[in-house]
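These notes concern the structure reproduced below.
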Amino acid sequence: MDMQWFLDRDAFAGLLGIRLLEAGPGYAKTAMDLTDQLKNGAGIAHGGAVFTLADLAFAVAANSHGKLSLAVAASISYVKAGKGKTLFAEAREVSLGGKMGTYAITITNDAGEAVAAFQGTVYRKDMPYTRETA
Amino acid sequence: MDMQWFLDRDAFAGLLGIRLLEAGPGYAKTAMDLTDQLKNGAGIAHGGAVFTLADLAFAVAANSHGKLSLAVAASISYVKAGKGKTLFAEAREVSLGGKMGTYAITITNDAGEAVAAFQGTVYRKDMPYTRETA
Amino acid sequence: MDMQWFLDRDAFAGLLGIRLLEAGPGYAKTAMDLTDQLKNGAGIAHGGAVFTLADLAFAVAANSHGKLSLAVAASISYVKAGKGKTLFAEAREVSLGGKMGTYAITITNDAGEAVAAFQGTVYRKDMPYTRETA
Amino acid sequence: MDMQWFLDRDAFAGLLGIRLLEAGPGYAKTAMDLTDQLKNGAGIAHGGAVFTLADLAFAVAANSHGKLSLAVAASISYVKAGKGKTLFAEAREVSLGGKMGTYAITITNDAGEAVAAFQGTVYRKDMPYTRETA
């Protein structure tokens, strides 16, 4: 499923170098190379960068159904310092209703170890949102 | 209270142009000009950028006590599209224990309207963290 | 503002002995006596009981505007073991939009110390919800 | 793995009628019959009861390693009204470190549909916690 247009429109994703690896109905996987500018004062992946990587997987998965979906709440648990060459985020749909959708996103490192866990909810507007209408 | 050194060491804060306006024991206020590269495909402040602005206020407030404090969990509710020239985040300490600290952060726009609400918890390591030791 | 009818209809609040102390537009304060049946295996207030006390303050505050408001997401940070005779929860409105509302709730003990911090978001249905319509 | 002693010590779990169906290292499954006293004013499962059901699965999974583990933060997304005869919560370990552990809990109804998603983090004390030491 081609959701690359969604990333192309997202300037902040571009600033962080976030890439879309895969997308499907209610599903998305993103990646981000851990460059120095994405680090905090302790020299590890910044919590905000890790959040954003997950947020993009969340947004692509939620908007994959062609209806404009806006995040209303998200929570993240940081379980391991983000290190290595690349971080990955994989979003899967927990539930999809008419007005709301909920997604669970797992963030991992090169070794496949969990770095963070993210949970988010969107509000689905009655407005089409596709490559053609965006 | 001078916590500017904390921001200076944070490369990702620099990338986003986040500034520290004020800091005190358990308190911090940050600001971020809403440039185009901080926006999402809908042309408003990216959820990840809003989160990061709040995260920095959170981090400065938590580390203001001179002990290395690492975020373990955070949650954010988005209440209004982030627009205008500048966004602000103000962190206050809800509770400070020996091992854990909890903070509430409010994100507002130029007009003083709430854009998001953020709540975060840190784990406080037995390790000094100051301008001198960082 | 009289929101006692809201508590009266809530069987689970009755089971826990949760009382409404005060209510106003976007505001509520609840109390719960810390009986033995509300404790966990460590002999302190159960996390689920503390959550429920806050949830009731949240629900009353959100429904105070006369429109049916359903929780879509909530997060809680536990900052101190819940002990003593009574716990209190105070909800204030962070933001109120047409479809969503966000609330911050602080849970305290007899000594006024913070026990937990709670943040919640409701979806506001286009359905009146008052003493008369409930 | 026998963790029934954990439930037996938990008075609040008893008040709600929460049962432990299964437990293993970092894993637990709980159940709760949806009696009238667990409902809210709308006649559906109370958000606080759903939270508590998940919290127990979370607590058993986290304490299964024999070390006292206390919840520091939790977040829940409600995705469907809780109805039917019984609700279930299944906790799996996202990550286990020396001091912290993170768990994802899914709450479902009789039909296996998701009712809520819960994410929680514990602080692991340097204190044994088993049937013998509790």
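As written, the chain order gives the labels A, B, C and D, with residue 1 at the start of each chain.
FYI, a contact is a pair of C-beta atoms (placed from the backbone, for glycine too) under 8 Å apart; a residue touches a chain by one contact, two chains touch by 3 or more.
If you're wondering where the values come from, they're calculated on a predicted model, not measured in any experiment.
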(Q) Need the most distant chain from subunit C, centre defined as the mean of C-alpha atoms. (A) A
**Q.** Interface sides of subunit A and subunit C: same vs different residues, half threshold
**A.** same
Q. If you average the Cα atoms of subunit A and of subunit D to get two centres, how far apart are those centres in Å?
A. 27
Q. Quick one: subunit A and subunit C, Cα centre-to-centre, how many Å?
A. 32
Q. So what's the Cα centroid distance for subunit A and subunit B, whole Å?
A. 20
Q.
Touching at least two other chains at once: which residues of subunit B meet that condition?
A. 72-73, 75, 77, 100, 121
(Q) Under the stated contact criterion, what part of subunit A meets subunit C in this complex? (A) 72-73, 75, 99-100, 121, 123
(Q) Applying the document's contact rule, which stretches of subunit C touch subunit D when the two form their complex? (A) 6, 9-16, 36-42, 46-49, 51-52, 55-56, 59, 70-78, 134
Q: Would you tell me which residues of subunit B are touching subunit C in their complex?
A: 73, 75, 77, 79-80, 94-95, 97, 100, 102, 104, 106, 114, 117, 119-121
